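Questions regarding the structure given below will be posed in turn.
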Amino acid sequence: MVTLERDAHFAQRESLCRVVGELGAQGWCQGTGGNFSLTLSRDPLRLLLTRSGVDKRNLGPADLMIVGPGGEPAPEETGRPSAEAALHGRIAALTGAASVLHVHSVANTLLSEHFAPRGGFTLRGYEMLKGIRGIATHEASVFVPVLANSQDIPRLSGEVETLLAAHPGLWGFLLGGHGLYTWGGSLEEAKRHVEIFEFLFECAARRTPFHPFAG
Amino acid sequence: MVTLERDAHFAQRESLCRVVGELGAQGWCQGTGGNFSLTLSRDPLRLLLTRSGVDKRNLGPADLMIVGPGGEPAPEETGRPSAEAALHGRIAALTGAASVLHVHSVANTLLSEHFAPRGGFTLRGYEMLKGIRGIATHEASVFVPVLANSQDIPRLSGEVETLLAAHPGLWGFLLGGHGLYTWGGSLEEAKRHVEIFEFLFECAARRTPFHPFAG
Amino acid sequence: MVTLERDAHFAQRESLCRVVGELGAQGWCQGTGGNFSLTLSRDPLRLLLTRSGVDKRNLGPADLMIVGPGGEPAPEETGRPSAEAALHGRIAALTGAASVLHVHSVANTLLSEHFAPRGGFTLRGYEMLKGIRGIATHEASVFVPVLANSQDIPRLSGEVETLLAAHPGLWGFLLGGHGLYTWGGSLEEAKRHVEIFEFLFECAARRTPFHPFAG
Amino acid sequence: MVTLERDAHFAQRESLCRVVGELGAQGWCQGTGGNFSLTLSRDPLRLLLTRSGVDKRNLGPADLMIVGPGGEPAPEETGRPSAEAALHGRIAALTGAASVLHVHSVANTLLSEHFAPRGGFTLRGYEMLKGIRGIATHEASVFVPVLANSQDIPRLSGEVETLLAAHPGLWGFLLGGHGLYTWGGSLEEAKRHVEIFEFLFECAARRTPFHPFAG
C-alpha cells in the first residue's frame, strides 16, 4: 500500500525535492530550517510535506511524507511531520494553493521582527511586484502582514485563518522573527513567489534603519 | 519550416541559454525576471528572445522564440514573447547590438529608484569602467540614465529612442525601480557589460544613503 | 597498521569531508581557515581532525589525521595537526561532543571583535534559535560568550574549561576577532549549529553599529 | 616549438586555470576582470599569464600565454597579453613570487578608493592575519599600501618597485579604485593570500563609513 501510494506520487516528490533544493541553495533553509508542501488531493485534503529536521540542500523523495488537513500523518506514514504541518494544511485548504513554501532568510527575519509591532508593511513602486500573481503594474501596493510568532500552532492557525479572510488575494505573510509563508496555484508559481518576495525584502531591508542590536 | 528555422539557429540558442544561465546563477533573474535577446538577422530584423515567464536558471533552447522588430512573434512561432520584446527590438535596431540583456538586481533596483527623480547618475574613477566598450581609462565619466518605469511599452520605446539619440555611445540605461538594459556588439560583450555595470552598481549602492524604507 | 586504522574510519573520514566541504562552499573556511573534528573513541579519546593548512573546499580523506585528547598526533600519524587541536580535544572531552566545528565568517569576526570587551552577547526572539539543541521556543535567550583571542593555546584551553563549567548546556562560543567554535551530539547536529549560529550572527551583524574602521 | 613549449607546461596551465576558476566563482573576476600569472622560469624570467579579455570563470589552457619580464609576449606566442603584464613581471622579479594574482572585488574597490588619499590602511587584531605568510599572531599589524591608479603602466611599475623596496616582507597592495595585487611563494600560497585579504577587506568595509555616493 505504502509502496503504491508513494509510486503514485513519485513525480511530485521529485518536483518538490528539486524546488526545495533550489531554494536551499540560495541560503533560505539554513540549519534544516523551512518546510515545504505540495497538495496531492483536495477531497480529502492530502499534502506531501518535508519531514522534520531534514537537510533541505540534499532532499530526497524519502524525506517527504503525506499529511492530512490538520498536519496529522497519513495512516500509511511513519515518522513525525514538522510542527508547522498544520499551518500548511490550513493555508492549502483556505486558499486552494497547489503548494505552500516556508523559508527563513536574514532579510525576512529582520523585516518581520522590525515591522511586527505595526502588523506589517507595504511594498510599492517596484517592477518585480508583477511577479506576484494578479499584479499587473509596478504602481500596485502589496501589503505584507506580519503575525506575532508563536509556538502555539493551533492558535497561530486560527490567526492565519482570520488573516486570509481579511485579505482576499493575499499570496504571502510573515511570522515575526521567523520567516515567510507563501503559496501559489502551482509549484512553479509558489517558487516564483518566494523569489519575488525575497528579492523585494532584500531591497526593503537595505533601506531599513533597524533598531541597533544591543547584544 | 519551424524545424529548419530552429535548426538553423541551434548554436545561437545554445549560446544565449548558456549566458542567461550564468547571469541567473548570479541572482539577476529571480522569479523568472529579466529577458534576453540575440540578433539573428538585420534585414529584416529578427531576434531570438526568451519566452515570457520561463525559469532563467534552467533555460533550454525551446524557451526561446523568434520575434520581429516590434517584438511581434515571427510567423512560424507560437506562444507569447515578453511584454518588453518591443524594447529589445527598438534597441537592437537603433544601436546595431548583437545582443540586448535585461536583468534585475537589488543594487540596480535601489539605485534606479533613488536616482530616477534626477534622471540618472554618473560613475567615475573606477578601473572597472574600462570593461565598457570604448572606455580606455578609469578617469572616464559614465552617465547611467534612469527612465521612469512604465507599463506603456510603446511610450517607453519612444523614450528609449529619444534617449539613444541624445546619448551616442551609450551602452546601458536603467528603468526606475525596475532594472538594467545593456547590450553589446557580441553576446560576450553584452554579458561583460552586465557584469561590469552590476559590479559598479554594487560599489555605488554600498555608498548610497538610500531613503529609509517606511513600510 | 596505519592502513588498517584508516580503513576502519573510512566512512567517518568521508562524512567529515562532506560536511567541511559544505561549510567551505558557504565561505566559512577562506584561506585554509577553520578546523574540524569528529570523535572516534572516548576511552581513550581520539579525534579525526583536519590537518593544518589544507584547502577546506576540496578536502579528501588523507587531509585528516588522528589526534589524542591534548591534540597530539596519534602514534601512527605523521604530519602536524592544527595549532588549535588541543581546543578540539578539550571541548570533546568536557562536553561529550561527537563533533567540534570551528569556522571563520565575516559576521562572527565582526561580532566577536565588537562584543569581546563585554564578554559576549545575547540572542533572543528568533525562531531559528530552535535549531540549537534544547531550545524549544523563540522566546529563549541564548548567551554567546566571547573569549579574548590568544596564541597561548594551553591558557585558552583552560579558559574554555572554565567557560564550559560556568555555562552548562552551552553549544558554542566565539574567540574575539577569530571565529566560532560549536559542537553537537552528532556530526549533523554540529553542522546544524554552525548554520544556525551563522544565520543569527548575520541578523545581529546587520543591526550592529560597529566601530568605524579607522584604517 | 610552440607545441613542445606548451606541453612542457601543461600541468602548470591546468593548475593556474583551476585556481583562477575558483577565484572567479567567488565573484572576483567580473566582466573578464583580473589577471593572473605563474612563474615558469627565473633566468630568464618567464611567466604564464592570462590573455587579455578572457572569461575567468571558464578558463582553459589556451587562454594563457607566456611573457617575459617586461610583459612582452614570448617569441613563440601570438596574441596580446593584459596591459598589466609588466606589473606581474616586475613583482615576480623583485619578490621571487611563484605566482602573482590580481582580483577586483567590491570591498577592495571601495577600500582602495577610500584610503587612496592616505596611501593605505592597517589591518590589526584579526586571527585571519595569520593566513599571511610570516604572521604568527593576531596582534600583528599589516599595512596595506594603496597606490594611485594609473593607465601609465611603466610609471606604475616604477612606483611598485619603490613600494617593494620600502616595505620588505610585503605580500600585497591595492591600486586605488582598481583592485588587489598579491603573490606567494607557491600558487597555493598566493591563492590563500587572495582569500585572506578579501576576507579582511570585507570585515573592514562593513565597518567603514564611506563617502556618500553623490551620483
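Per-chain residue numbering starts at 1, and chain names A, B, C and D are given in the order in which the chains are listed.
Definition applied: a contact is a pair of C-beta atoms (placed from the backbone, for glycine too) under 8 Å apart; a residue touches a chain by one contact, two chains touch by 3 or more.
No experiment lies behind these values; they were computed from the predicted model shown.
J.: Identify the chains adjacent to both chain A and chain C in the sense defined at the top.
T.: Joint contacts: the list comes back empty.
J.: Need the most distant chain from chain B, centre defined as the mean of C-alpha atoms.
T.: C
J.: Rotation angle for the CA superposition of chain B on chain C, to the nearest 5°?
T.: That pair's rotation angle lands at 180 degrees.
J.: Centroid from C-alpha atoms only, then distance chain A to chain D, rounded to Å. What do you get?
T.: One centre to the other, that is 44 Å.
J.: With centres defined as the mean C-alpha position, give me the chain A-chain B separation in Å.
T.: 31
J.: I need the residues of chain C touching at least two other chains; which ones are they?
T.: Expected reply: 205.
J.: Show me, using the given definition of touch, all chain pairs that touch one another.
T.: A-B, A-C, B-D, C-D
J.: Show me the residue ranges of chain A that touch chain C in the complex, using the header's touch definition.
T.: Contacts found on chain A: 27, 30-33, 55, 57, 104, 106, 109-110, 113, 149, 151, 175, 177-179, 205, 210-213, 215.
J.: In the complex of these two chains, what residues of chain B are touching chain D?
T.: 22, 26, 115, 118, 120-122, 125-128, 131, 136-139, 188, 192-193, 195-196, 198-199, 202-209
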